[in-house]
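The structure appears right after this line, and notes come after that.
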Amino acid sequence: MARRGKVIIDRELCKGCYLCVASCPVKVLAEDTEPNSTGTYPAKAVHLEKCIACGNCYQVCPDVCIAVYELEGDES
Amino acid sequence: MNSEKRLMKGNDAIAEAAIRAGCTAYFGYPITPQNEIIAYMARHMIDKGRVFIQAESEVAAINMVYGASCAGARAMTSSSSPGVSLKQEGMSYAAGADIPLVLVNVVRGGPGLGSIAPAQSDYFQSTRGGGHGDYRCIVLAPKSVQECADLTYLAFDLADQYRMPAIVLADGMIGQMMEGVTLPPERKLSELPKRDWSVGGMAATHREAIHITSLDLVPAQLEEKTRARFRRYDELKAKETRFEFAGEDADLYMVAYGTSARVALGAKQLAEKEGIKLGLFRPITLFPFPDRELAKIAEKGKPILTVEMSLGQLVEDVKLAVLGKAPVHLLGHSGGVIPTEEEVFAEAKRILGRN
Amino acid sequence: MKQLYGYPESLKKVQTKYCGGCGHGIIHRIITELIDELEMREKTVITNPVGCAIWADLYFDLDSVQPAHGRTPAAATGVKRVLPDHLVICYQGDGDMAAIGTAEMIHAANRGEKFTTIFVNNAIYGMTGGQMAPTTLIGQKAATAPLGRDADYAGMGYPIRVAELVAQLEGSRYIARGAVNNAANVRKTKTYIKKAFEAQLRGIGSTMVEIVSQCPTNWGMDAGESIEWLEENMLPFYKLGEIKNTLEGAS
Amino acid sequence: MTEKSFFAGFGGQGIISLGQIWVYCAMKEGKNVTFFPFYGAEKRGGIARASVIVSDEEIASPLVTVPDSVLVMNPDSLPLCEEMVKKNGLMVINSSLVKDDPKRSDLRVVKVEAQDIAEKIGNGKIANMVALGAMAKLTGALALTEVEPILKNFFPEDKHKFVPMNVEAIKAGFAAV
Amino acid sequence: MNSEKRLMKGNDAIAEAAIRAGCTAYFGYPITPQNEIIAYMARHMIDKGRVFIQAESEVAAINMVYGASCAGARAMTSSSSPGVSLKQEGMSYAAGADIPLVLVNVVRGGPGLGSIAPAQSDYFQSTRGGGHGDYRCIVLAPKSVQECADLTYLAFDLADQYRMPAIVLADGMIGQMMEGVTLPPERKLSELPKRDWSVGGMAATHREAIHITSLDLVPAQLEEKTRARFRRYDELKAKETRFEFAGEDADLYMVAYGTSARVALGAKQLAEKEGIKLGLFRPITLFPFPDRELAKIAEKGKPILTVEMSLGQLVEDVKLAVLGKAPVHLLGHSGGVIPTEEEVFAEAKRILGRN
Amino acid sequence: MKQLYGYPESLKKVQTKYCGGCGHGIIHRIITELIDELEMREKTVITNPVGCAIWADLYFDLDSVQPAHGRTPAAATGVKRVLPDHLVICYQGDGDMAAIGTAEMIHAANRGEKFTTIFVNNAIYGMTGGQMAPTTLIGQKAATAPLGRDADYAGMGYPIRVAELVAQLEGSRYIARGAVNNAANVRKTKTYIKKAFEAQLRGIGSTMVEIVSQCPTNWGMDAGESIEWLEENMLPFYKLGEIKNTLEGAS
Amino acid sequence: MARRGKVIIDRELCKGCYLCVASCPVKVLAEDTEPNSTGTYPAKAVHLEKCIACGNCYQVCPDVCIAVYELEGDES
Amino acid sequence: MTEKSFFAGFGGQGIISLGQIWVYCAMKEGKNVTFFPFYGAEKRGGIARASVIVSDEEIASPLVTVPDSVLVMNPDSLPLCEEMVKKNGLMVINSSLVKDDPKRSDLRVVKVEAQDIAEKIGNGKIANMVALGAMAKLTGALALTEVEPILKNFFPEDKHKFVPMNVEAIKAGFAAV
């Protein structure tokens, strides 16, 4: 079974480049529909349940907005 | 020939006026706040079959200008403060070899990396030869987009006529602002003054070989060459000193150039409203500095207020002209701070004891 | 829940001044991660370039020195010679390093100066607004090459492969070229930098990692397009991989 | 007549072109003009500002420090504009985006739904032209009698197709106040 | 510690004094007439475990100095006129980032390639910051081999204390001549003043990160930093202005520094023999210039004769100090010509109407 | 009686300031012979270096320009772009070109500037009295390397093979290395320069001939010894021959 | 038969480096015993009859002091 | 006492070391001294010249323009030295090489066969030391009472073996005039 992961995105740091969105192998991420305080529409984990904690999104994010966690045991 | 008024940025006006003056070779390196000049040249020079190179550095650029001018081109480079510092050796060489060229410095805040905001703190460097040795450059200071065009145009002519480097000393505000401008006519390259001292084309005249150099190891000879150059500076001073003066019978005279002169004019307008008469003396040529003309004004003994975007540079030339005949005050700013009309007026009032 | 990836300690938590999608941010992150891993935060000095990465002081929570445009290799030489036990990182842009700083880059490498150069190649002058860089590709448009870089008619010169050029010099010991266009390349780039840092700490000569990076703003694209453009145009010309490695057997 | 104005918004709202067209029109109407943009870090950024002066006399400092009129195109610009504008000065607010009111009570505040009007005309990007129309009427700095040929002169040939829409926006702004 | 008198070249004395002052990093590039300095450093620095690099250029050298000083070294470079012009950007950066360093300029004839003979024509460049922006450097002008040693030593201390670049302004004669010299004692590196502003060594104190930069894009902030620096200049002026004065009740006062002061001293001696009293005012610090002290002398109203190996550079500082209180004359030479004692004396007599 | 070899017309008949045995004189002769042969005396501009060859004006009976130390490639760029139909010769020394002038040399070559560089490599700074040059060999003594050039302990860097380095750049089209140690090599060097001049006149990119040359004075030898030293030490490291030739098929 | 040559050396230009001497395949040249006006002992063709006009001496002379001629017919 | 001297010859005659040893001895004898060589083109050349001053007082310009005494070591130097030397000044001529006489009649001319004397001692290269001895005696600028230890101090250890020969040359020069 694939690793189960979780990502937390810092909405305020995000500049809306969506490189993370493109990098996710399992399409967890998408453009948010709500802007942040600077008017940017940040990235959002829309299918968090699919996350495999691969870290791709983290690797390509130029603004280090994403933290990636591995869920352990029966966490969700 | 289009003599219609156009709305232009100062930087663009400089570039277009250079082209119209017959600049056939431009070499530059990017730096804010003069990037429009190099971009303008990139768009227009190659099209016209003229030389455009984005050089690898400012050092390379000034030496390309030197080579191009030696070979007969009206040649130019532009930069801003840090980049201009890098050109000082080259400027000294051009002065020492009597090579005309035009250098545009769109001054920004210094020292070091400083800021990109408008400043006038390269006054010493420009007027006293930031490079080594005894030499000066023609220094022209535009106050408007119109003068960006006119003085750049003039710079080419003076440089050629007196065989020396000429500097157009603008600043970030002059370069970035837009105003209406009537451009000078396009020069026919074939009608530019002949340069019998440049290299190349020997085959046509079978003349003797020409050697361009600033080297002379015999001190007495080198001195004589330098003195000959200083005699040209004297001639330049006698014939080409330019300034603007407004406000004959004033209570206080302001001295300022470029952006500062615009601010000082604002202070003068404010003062008029309050019935205070301020005069404004604006050197257009910073070298040669209009010292005799300023000295005449100083003889009235009225206080003089130097307004400059530097901490005591222009004021030295003012003091050297005034030589104690009138009290000289300084309102200086640094690091990209532009004085305000209100501030200048307040300082004038303070000096006059009117507040 | 175990954190796998997070904000490096040596990187300050502020919003950068970089445009969205800009490669500089990724590179900053890799560098600081490695500094954290090597536990060198208090023994590192970075010399930051005059270019978009000029605000190192805002981002890096470690000592920094800001030298003149292009002269970082000279300044880093001064720093490293005085502080031989420190990790010294010379961060440069392509205008900064391959144009105005050519002589300093060549000679620092040739002297085998024991610092690591991180060379960010985005094929453009970012900070000053998109002028041609020495690494700009033939045909690529720039503010100073409005019709595209043209080596023949306009005499604008050819794109320079800096890594290969510097590799000619005997003082250079480790040279690699990475990219930050996707997660795999980011990871690989990190391993290159790690090797370079470790070699530096072992006191071996000059090390450099060139990083092909995107500048969406001055390429006139959005971030996604810039990645595609980079992959289609830059990567075929700037080949990724280790270009020189003479670390083996070195003391 | 001297009108010193200050236009403020964020990058992308067309503040710079607004300023340029403003002074271009004034120049064509025979005035002295000057336009000075705020040029920030050597980078692309959030804020966009322009100082513009239109006058019958010789123009002194191009830097407007105490504007006669200010245009507030986005919420962030309100505090700055409020601080700068002269006593009893004019403040035009793009009320489509700016919901707050200035705290000063001496000001002549005029709200224009510039964004909404522009969108109605067909393009949100020409909110700046709506604002121009409004500012022109309120300040009297521009007559705008021959705005179409002036705009045609201003824009390069390949942009002429946008001129009618811009003219419409300007007129709408003019009419809205 | 050897306090015996040694016979040394000026250039060698500069190098040895630098080492004794605790210079731990030297970066240079060959140029006549200062090659002995770099050769001396090549012979002695590496031996002592200090840093010596022959840089690829003067531009690289000054930036290496900048880096080394940022990292805590007492760092120095030396050059001669054209090479010093190339260092102007770097000097401006050092000034803007408040980085101490010592630059030795063994001046030669200019402008351009000029000659390799002694000259003083880099006075403007040295005293008014040949680079961009509002800044100054400490400028010390030795007149003898003894002062080559003493002022180089002092330069390191002042640079450190005031956190600014210091220039030792010599010339080809001062650098090439030999005289007896008593060298200053060798400094223990461990006893040099601590530099809490330099980078490196954070691990020992766990202090906050230090960022050395001259950049500040907020004009008001940049201005404040610059003004703070100017306040240090004022302090420097108050505490460190140095000059030498001989000849209280003279008929005419000569002002000269370095080699010119030696020549002027000769003229004074010649005059004494003829019963004419000449005074000699010799600035040792060219920045800060001893203007108040000179002004006091000028109050006597006696004529002042500036003797300089340049065409009117020092004389500007003289005039700015005198401000019309006494007539100021100039005997200037250029291009490597050294004035003679006889010539200076003759000029003094001419001014005094005694010939 | 037929004259086979005599004084070139374009060379002025004066005693040079060069030391006895110095290679510069030979190189001047070859250059002027070729100018005579190509009948280009009235259509040539030489930019002379700051180095022992500084007095081009005394020796060459053709137009000359004296630029700043190391910046001759930049100045020659200016000259050639303005006078594209002239033969432009950029004469440089190894200090001049490979140290201070590194950036200018690299970029002029990379832009394919259509002048010919004559690069005189004598492994030393001649004019200023024998300091280390970028081409000084490991172990070779110099005023600034009193114990000999030492790349490791003293960090003085390695001798740079300029011809090979510049050959990396796409704008360079013809690069050869000759020597003037014996008659055969002098003749061969002349053929290299001839090819370079002809390529220049055909309007092909950047051309350069490096010439290994002796400096008896600063090597501390008499002329005869200096030839031996050159042959034993320099020639094994600086290999003679054509290093790059992409002239064929060029228009 | 080998070509017969003649060399003429400009004694005043000569700096006495003797590279020509070393280069001559048939030992035509040697150090002169009389100095020129600057005190230099120039090179001298001591066995001119052996000269084969190969030009080697000319090629290596840094001061272009040597002119080489080919003797034609019965010239000598 | 101030003695300004000018030494002239060609490269290789040891003019520079002569000047240096001259001032070194004087310094060790308690005088103020200065030595200034002519440094010509950035190259090795034919001419070698040195200005030296020895004085009890503070020394003014190190450049000797009107020397009290001149030393003419080779023929080429005669015209220059003759032109410079003061009225009734001293001219010492190395008559081994210099065959001409000066044209001026006011001078005190002393001829020394420096080269020959040196060669007799065993090395033509120490003609400069012979000249030093002669100049010292004639000018009175140097006492030369303790010349051996002074020379030992001047030369590095590995050159000490040459000191006796130099001393001999100096003494011979001293005796020759």
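For this structure, a couple of remarks:
A, B, C, D, E, F, G and H label the chains in the order they appear, each numbered from 1.
Rule of thumb we're sticking to: a residue touches a chain if its C-beta (ideal position, glycine included) is under 8 Å from a C-beta of that chain, and two chains touch if they have at least 3 such contacts.
For clarity, every value in this text was computed on a predicted model and none was experimentally measured.
Once chain C is removed from consideration, the other chains connect through touching into the groups A | B, D, E, F, G, H.
The chain pair with more C-beta contacts between its two chains, of A-C and C-E, is C-E. Centroids built from CA atoms put chain G at 88 Å from chain D.
Rounded to whole angstrom units, the spacing between the C-alpha centres of chain C and chain H is 62. Averaged C-alpha coordinates put the centre of chain G at 40 Å from the centre of chain H. Multi-chain contact residues, meaning those touching two or more other chains, occur in chain E at positions 32, 53, 56-57, 59, 82, 89, 93, 97, 112-113, 116, 213-215, 217, 338.
The residues of chain F that reach two or more other chains are 19, 54, 66, 68, 81, 99-100, 102-103, 106-107, 111, 127-129, 134, 155-156, listed in rising order.
Contact with two or more other chains is made by residues 41-42 of chain H.
Contacts from chain C toward chain F in the complex involve residues 81, 99-103, 106-107, 110-113, 134, 151, 155-158, 160-161, 164-165, 168-171. Residues 50, 54, 66, 68-70, 95, 99-100, 102, 125, 127-129, 131-132, 134, 143-146, 153-156 of chain C are the ones touching chain B in the complex.
Residues of chain E that touch chain F in their complex: 29-32, 35, 38-39, 42-43, 46, 52-54, 56-58, 82, 112-113. Every residue of chain H that touches chain E in the complex is listed here, in rising order: 20, 23-24, 27, 32-37, 39, 41-42, 58-63, 65-66, 154. Listing the residues of chain E that touch chain C in their complex gives 24-25, 27, 51, 53, 55-57, 59-61, 63-73, 75, 89-90, 93, 97, 199-203, 206, 209-215.
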